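Quick one: this structure, given as C-alpha cells, is what I'll be asking you about.
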Amino acid sequence: MSAPSGAIRADASEPNGPKPRHMFSRRNIFLYGTLILVALYYLLPLYVMIVTSLKGMPEIRLGNIFSPPLEITFEPWVKAWSTACTGLNCDGLSRGFWNSVRITVPSVILSIAIASVNGYALANWRFKGADTFFIILIVGAFIPYQVMIYPIVIILREIGLYGSLSGLVIVHSIFGMPILTLLFRNYFTSMPEELFRAARVDGAGFWGIYLRIMVPMSLPIFVVAVILQVTGIWNDFLFGVVYTRPDTYPMTVQLNNIVNSVQGVKEYNVNMAATILTGLVPLVIYFISGRLFVRGIAAGAVKG
Amino acid sequence: MSKSERPIRLFRNLNAKVASIPMILTALVVFVGGTAWTVLYSFTNSKLLPRLNFVGLDQYHRLWATPRWLISIENLLIYGVISLVFSLVIGFILAALLDQKIRFEDTFRTIFLYPFALSFIVTGLVWQWLLNPDFGIQGVIRGLGWTSFNFDPLYNSSIVIYGISIAALWQGTGLIMCLMLAGLRGIDEDIWKAARVDGIPMWKTYLFIIIPMMRPVFITTLVIIASGIVKVYDLVVAQTSGGPGIASEVPAKYVYDYMFFAQNLGQGFAASTMMLLSVMIVIVPWAYLEFGGRKRV
Amino acid sequence: MAEIENPSVSIQNLSLNYGAVSVLQTLNLDIADGEFIVLLGPSGCGKSTLLNCIAGLLDISKGRIFIKGKNVTWEEPKDRGIGMVFQSYALYPQMTVEKNLSFGLRVAGLARGEIAKRIARAAEILQIEPLLQRKPSALSGGQRQRVAIGRALVRDVDVFLFDEPLSNLDAKLRSELRVEIKLLHRRLQNTMIYVTHDQIEAMTLADRIAVMKGGVIQQLDAPQTIYNRPVNRFVAGFLGSPAMNFVEGRLEKRGDGWFFVAEDLNIPLGTYQFDGQPEAGPAVFGIRPEHVSLNSGTGWPFSTAANVEVVEPMGSDTLVWLKLAEQKFSVRVTSERTPKNDEAVTVGFDPMRASLFNAETGSRI
Amino acid sequence: MAEIENPSVSIQNLSLNYGAVSVLQTLNLDIADGEFIVLLGPSGCGKSTLLNCIAGLLDISKGRIFIKGKNVTWEEPKDRGIGMVFQSYALYPQMTVEKNLSFGLRVAGLARGEIAKRIARAAEILQIEPLLQRKPSALSGGQRQRVAIGRALVRDVDVFLFDEPLSNLDAKLRSELRVEIKLLHRRLQNTMIYVTHDQIEAMTLADRIAVMKGGVIQQLDAPQTIYNRPVNRFVAGFLGSPAMNFVEGRLEKRGDGWFFVAEDLNIPLGTYQFDGQPEAGPAVFGIRPEHVSLNSGTGWPFSTAANVEVVEPMGSDTLVWLKLAEQKFSVRVTSERTPKNDEAVTVGFDPMRASLFNAETGSRI
Amino acid sequence: TDLEVTHWWTSGGEAAAVAELAKAFDATGNHWVDGAIAGSGGTARPIMISRITGGDPMGATQFNHGRQAEELVQAGLMRDLTDVATKGKWTEVVRPKSLLDSCTIDGKIYCVPVNIHSWQWLWLSNAAFEKAGVPVPKNWNEYVAAAPALEKAGIVPLAVGGQAWQSSGAFDVLLAAVGGTDTFLKVYKDKDAKFAAGPEVAKVFKAADDARKMAKNTNVQDWNQATNMVITGKAGGQIMGDWAQGEFQVAGKTAGKDYTCLPGLGLNEVIATGGDAFYFPLLKDADKSKAQEVLAETLLDPKTQVAFNLKKGSLPVRGDVDLNAANDCMKKGLAILAKGAVMPWTDQLLSQDSQKQKEDLFSEFFAKPEMTLEEAQKRFADIIATAD
C-alpha cells in the first residue's frame, strides 16, 4: 500500500490512534458521580438496617443511626431468629421461616405452572374467547386485594380449603396469575411460531409441545417468574395473615408480630435484624440472578 | 377414519381449553364473580356478615360524605401522580445512565434493584425509622449542628404523603429501571449512530427519538406502576398507619378498615366498588386496545 | 390446467379468511405424484398460507384438501402424511440433531430400532452423520437447513412441504443447497411443494411453477413455458432478472399484418404467435433483455437505433439501459461487447420471442 | 494500487480491536474524490466496522483517518463531513419524513429558509415530495430507503457512507434502487463508500471494489479486473454467480509449455498470462461457468468430453453440471442449446480466461 | 387436647398475663396453643372473624365484650355456654352483672368475661413533675395548668400515641370525666345528637383541645410506647386504660412512688365496665368442644382470675377473690368497684362502625391543630346522629 500523498503527510502531533479519553472527563465525573450518589441513596437504608442490627440498645439510644457500631453484637440477630416473643411464642422468626418456605415453594411452582400454561395456550392455541378471559385477567391485576378478600374467604370455605396451606397456595396462584400470564404470553408470542408448527407436524400435541419444546426454551422468563413470585409470595403479608392459622404463619407475619409486639421500648436492633432476616431470601435470589432477570424482562415483559 | 365433516367447534383445541380451565375459573369465578358479589353487597347494609338487606345507594352517599374517604382519594391522586412521574423519570434516567456502557453496570443495577426484593412492610419500617425526627435523618443532621433543620415528613400532616412516596420510590424504581433498561437495549443501534451522525446531542436523542420509540415499554411500565398505585396499602400501614391523624389514609386502607375494623362490610364494599369503577374506566379500554383484536404481536 | 389422474395432493375450492381479510379465494390445485411444484409469488401473496393449509396448520374457511386420495381437510397435521421444512429451520434449539430428527418418531411411539434405522438413512442421505450429537446452535446455516430437511425425511411421508427453505442463507450456500434439494427429489421421487419468492430457485427446481398473486394462482405451468409465454403482464414482469422490458403502445392492423406502435416505433408482429384473435387497441409489448441484441447487424425482423444511457456491468454480463419510445429499455450483452455511455447503438430482436399484453387486463394477447 | 492525489478519504494503518479480538489490522485505503468504492466481503469480515470507523462511530485502536485532507481521527461524527445510510434505515419512527430530514439541521441551528431549501432539493432528487408529511411506518421499504438517503443528502456532505442499504429489500426493489443510487452518484459526484455482501450490487455500482476477508482488504480494483483477474482464490470464489469452477491439480512444465494436470486432464496454459515466473507444484485451476462452452466444436485451445449430471434451468440461461477430473464443474449455456441429463457433451474453453492459484497460499499464479 | 386461642395481647404486661391463663389451662391436661396476633384489636379482629366465617375456627378467641361478636352469635357460629355458666353459677359470681349481660343474647350466654377494663385513668410520672418543679396534680384541671411548666422542662405534657383508638378513647374518658356520667350516657347510650352538639359537650371539646395541645409532640404510635414515655419521664402523663398498669409493673415501677394514677382523671371516679371476654366458636370436634368447656371454667377460676389480672393490671370479674397482692392503683379501682360506681363503656354502647367513625374523627382532631372545636363537635354530633 502506498504512502499517503504529501498534502496529508503525517505529523507527530496530529491525532493518531484512539481518541484520548480522560478517566476524569466531565462526562465520567457526571456519570459516575450521579450513579454513585444514587447508589448511596439506595444503599443507605440497608446500611442503617445492618448497622443498627449490630448495635446494642444503649448505643442506639445514643442517637446517631448512621454511625457504625462501637461494639458489634450479634445478640439482636440471635434474638430475632430464635427468641423474640409474640404473645407466648418465643421462638422468633425461625418458625416463620420454615412456614414461609412451605408456603412459597408450592405456591411458586403452582402459580408458574398455571401461568405458563395459560400464556402458552394464549400465545399458540388461540381459541375463541381466550382473549376475553385474558383481558379479564389483566384487569384483575388492578383490583385491590381488599376487594377480593371476602369473596375468596367464601370460595375457600365452600371448597373446604380455608385455613389450609393448599388454600393459601391457591390464593397466591390466583393473584399471581394476571402478571405472570401476561409475561408468559408475551414471551411465547415472541418465540418463532414456526417452531410450534414444526412440532405440530411432528405430531406433538398440546402438552407435548409445551413440555418438550416450549419449557426447555424458556429459561429466562421462568427465571423472571420465579424471582417475581418468590419475592411476591415471600413478602406477602395480607394473605398470609388472613388465610392461615398461627402455626402456619409465614415469616412476614411473624416479623410484623415481633415488630409490633412492643415490650417497653422498641428494640430497634432486633427489629432491624428481623427485617433483614425476612428479606434475606428474596435478596439473595436477586443478587444471584440479577443479570438473568434483566434479560428475561427484555424477552418477556417489554414486548407488549 | 376420514374426517370429512367439519368437527364440532367446542372440541377443537380441546386440550388448550382444558388447560385454560384454571385461568377461566379465575377470571370468571374469582375476578368477575368476586367483583359482582362485591358490587351487589355494596347496596346492602351488611355489617359483620354479608346480608342481602338492600339499602340502595345509602352506602355511597355516606362514603362521599366522609372526610376520610375524600382525603384518601386526594392522597391517592397525589401519591399516584408522584409515583408515576418520578418512577418513570428516575427509572428512565437511571436506565439511561446504566446504558452508557459503564463499568460495574451489574453492581449498580443490583444496588438499584435490591429494594424491590423487600416487602412494603420492610420498606415501610426502614423508612419510618430513617424519617423518625428523633433518631433519623433530621436527628442526625441536627446533631451535626444544624439545629433548625426540619425534615419530618411522617409527622407532618401536610407532607406525610410525600414521605410515603419517598419510600415507595425507593422500593419501586429499581424494577422500572430494569424494564426501561431492557427497552433501551431493544433499540436499534443504528438509531443511535444515525443520531450521532446527524449531530444530535445525547439528551435530545433520548427526548425526541428514543423515548417516543419506547412506547410499548412505557405502557408495560405504566400498567405495573398503576396497578401498584391503586393497591397501595401495606406501605402506609407499616409507615404511618394512616397518620398523623388521617392525613395519609388511602382508599385501600379505607376499604380494609371499614370492612374489618368497623365491621361495616357494606361501606367497605361501596368504597371498593368505587375503586374498581375508576380502575375499569381507565383499564378496560386500554386492555381491549392492547390485547384484544386479532393481531398477533 | 390439465386433469391429473390420482393426484398426490388435490386442493378443491380452498378459501381462507383471516377475519374479514380473504387471503385465498376458491383455489384449486392438483399435484401429480412425485411432482415438484413451486409456489412462487411476491411477499404476502398467500404462499405460506396455502402451504400451511395443506399441512393442516391453519383452519381453512371453505373447500377440501385431499392427500393421496384421502380427505384430510380436518385431520391433524401429523396424520396427513406430510413433512415440512421451515424458513427459519425451526429446529428445537435444546435438542441435539439426533433428538431433533427423532422427536416426531418418539412422539409417535415408534420402536427404537426403527427410529435408529430411519435416522441413519436420513443422515446418510443428507450427509449429516458427523453432526448428530451437536446442538443446532453449533451448526452452520446450511447444516441446519439439512437437519430441517432431515426432520421431514425421517417421517417417511409422501408429501414434502418447503416454506422458503433457503431464503435465510447466503447466495453461495443457496445455490449449493438448491442442487442438493434437486438431487434429493430425484432420489426420493416424493411429491414436493416448495414455496419461494426467488425465481431462480423456482426455475431450477420446479417441474411446474404456480405463480401466485393476491391469493390467486396466476399461472401453473412448466418453468420454460412460464418464462417464455407468461399468461399476463404480472407473471411476465415477476419472472426474469433483469426484468422483462415493457413498452406501452397500441396494437394496430396495417394492411394484412399486425403492428405494435409506440411513438415512432413500429414493430411488425409477423412472427408473433397470438393467443387468439387479436384486436386493435392499447397494448403492452414485452421482451426480455437477453432476447434483444445490440449492434448485431440488421438480420433481425425488427431493429432500431438508440442511445445508451447507463451501463451496468454485472460480472458475467452487462446490462445496457437505453430509451425506446421514450420508455426505459434494457439489453443484456456479454461483457466483451460493452458499449459506452451515450454511445449510439442499434437494437434488434425477433418479435417471436416477445409477449404482448392487453393494456387494461394485462392478459396475454 | 495507484497513488491517489488529494484523496477524499484516506485511511492510514487503521487497526481496531474489540477487547482481545482484532477486527481490522493495519488497514490502508485511499479513496479519490467522487469515487464510488464498494466494500465487499462475507458476513463478519469487518465491513461495517470499517465504515463505522470512518464515520467516527467507533473508537479506533491505531492509525489515522483523513477526510478531505483533514485529520478527523478524533472528530465527532457530525464534524467529519459525512452522511450515513443504514441497513435498517434507522429512521426516527415518530417523526414525519420532513422532520426526519430536518432534525439534524434544526439541531445544528441552520436557518429555516436554508433547511427548507435543502429538504426541497433532496426531496426533489429522491422524488419523495409527496411523502414528506408521512411517518416512516406509512412508507414502503423502498421509500424508507430513499428517506434514509435523503437524511444523508440534506447534510450536504462530501462523503456518503452506505451500510448495506438495500439488503432489507426484495430483489426487484433492490435492482431498481441500485440504478437510482448509481444515477444519484452520477448526479452528485460525491465520494461514496458502500458496504454490501451482494456482489451484483458491488459489480454494478462500484468504480473500485475492495474485497475484504477477516479484516484485511484482499483486492482493491475496478470491478472487471476483480472479476477477471482475481488476486486469490477467495476473491475468485466470492465473486460471480454461478460461482467459478475450481479444479485441483498440479502445475507442470512439459517441454516448453506449462500444463495444468489433474487426473486425466491436461490443460495447456499457452494462452494464460502468468503473474510472474510460474513454478511447478500443486495448483488450483479456476474458470467461470460462462467462459466454458458446450458442444461448440473443437476450435478451443482446450476441450474434453464429459457427462451431464444435473441441468438447472435458470430462466434466461441454464446451468449444466458435470464432472471434470472427478470434480464438480458447471457450465452456463443459453437456454436454447440445453443438453439432457446424462447426455455426453464436449466441454471447451480458452485458458486465457482462467485463473490459476497456488494450492497452498491461494494467491494467483 | 390442643386448643388454639387467639388474642391480641402481645405487649409485655399482656403477654405475661396470658401466660397465666395458658399455665392454668395446661394444668388441666390440655394444651393452650397460643395464637397471638400483634397490633391492636383492629388488626386482629378481622383475622379472627375471617377464620370463623371461613370455616376454620380457632378453639377460643378474645373479643372486647360488647357488640363486636354480636353478628357471629346471631349467625350461629358461636358456642352457647349457658350450660357451663349454670354449672359454674356465673350469674352469681360475676360482678358487676352488666358484664355477663353483655355476653347474653336471647337469654343464652356466649362468652366468658375475664377482666374488667376501665379506660378512665390518668397516669402521671412523678419524676417528670419533679423535674418541672411542680407538684404532681390531683386532677385533670391541675394537670392542664401544669402543662406549660412541663413543656418548659422539655417534657411532653401528655402522651397520646398515633393509633386512632387512643385519641378516640382519650376523648371518651374526657367526656365521662369532664362531662360526667350522665353526659356520657346521654351521648353514647341515648345517642342524642342534639345534646352532643350542645354546650355540655362543647365543654368536653374544650378539654379535648387542651389535651390536643399538650400532646402535640408525642411522636409515637403504640400506646405502650406512649406509656413508656411516662415511665421514663419523657412525658408528664397519659390518659390510658388500666392495662397501662401492667407496663409500669413490668418496668419495675411502684405505684404512688414512681407514678401516680388518677381514676376518672380525678374528676369523676367511676369505673367503666368494659373488658375482654373469650368467645368459643362452634366446633365439630367433640374433644375440642370438651376442652372449650374446660377452658371456659378455667378462665373464671378464682386463682386464674387473680393471677391473670395482677399481671394484666385489670380488675377481676368476680368479687369473691383475694386481691391482697394488688398494688395501689388496683386497689383504688377495686374500691370504686365496691362502691358500685360503674358505668358501661363504648364497646357495649356503640357498634364498631360508629366507633371507627369516631376514631377517624378524633385521630384527625388530635393530629390537626387547625381543626376548630366547632367543626369537630359538629362532626361528632353527626356521627352520634347516625350511630347505632
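As written, the chains take the letters A, B, C, D and E, and residue 1 is the first residue of each chain.
One rule holds for everything that comes next: contacts are C-beta pairs under 8 Å (C-beta built on N, C-alpha and C of every residue); 3 or more make two chains touch, one makes a residue touch a chain.
If you're wondering where the values come from, they're calculated on a predicted model, not measured in any experiment.
The set of chains in contact with chain B as well as chain E comprises A.
Remark: among chain pairs A-E and A-D, A-E carries the greater number of C-beta contacts. Our note on geometry: chain A versus chain D, Cα centroid distance of 52 Å, whole angstroms. We define each chain's centre as the mean of its Cα atoms; on that basis chain B and chain C are separated by 55 Å.
Centres computed as Cα averages put chain A at a distance of 15 Å from chain B. Among the residues of chain C, none is in touch with two or more other chains. Multi-chain contact residues of chain A, defined as those touching 2 or more other chains: 149, 154, 256, 259.
Residues of chain B found to touch two or more other chains are 12, 256, 259. The touching residues of chain D, when paired with chain A in their complex, are 1-7, 10, 12, 28, 30, 59-64, 66, 69, 71-74. Residues 47-49, 62, 66-68, 132-134, 155, 157, 240-247, 256-264, 267 of chain B touch chain E in their complex. The part of chain C that touches chain D in the complex is made up of residues 42-43, 170-172, 175, 178-179, 182-183, 197-200, 203-204, 223-224, 227, 239-243, 288, 290, 310, 312-317, 319, 321, 332, 334-335. Against chain D, the residues of chain A that register as touching in their complex are 1-2, 4-5, 7-8, 10, 14-20. Those residues of chain A that touch chain E in the complex are listed here as 85-89, 149, 153-154, 156-157, 160, 162-164, 241-243, 245-247, 256-266.
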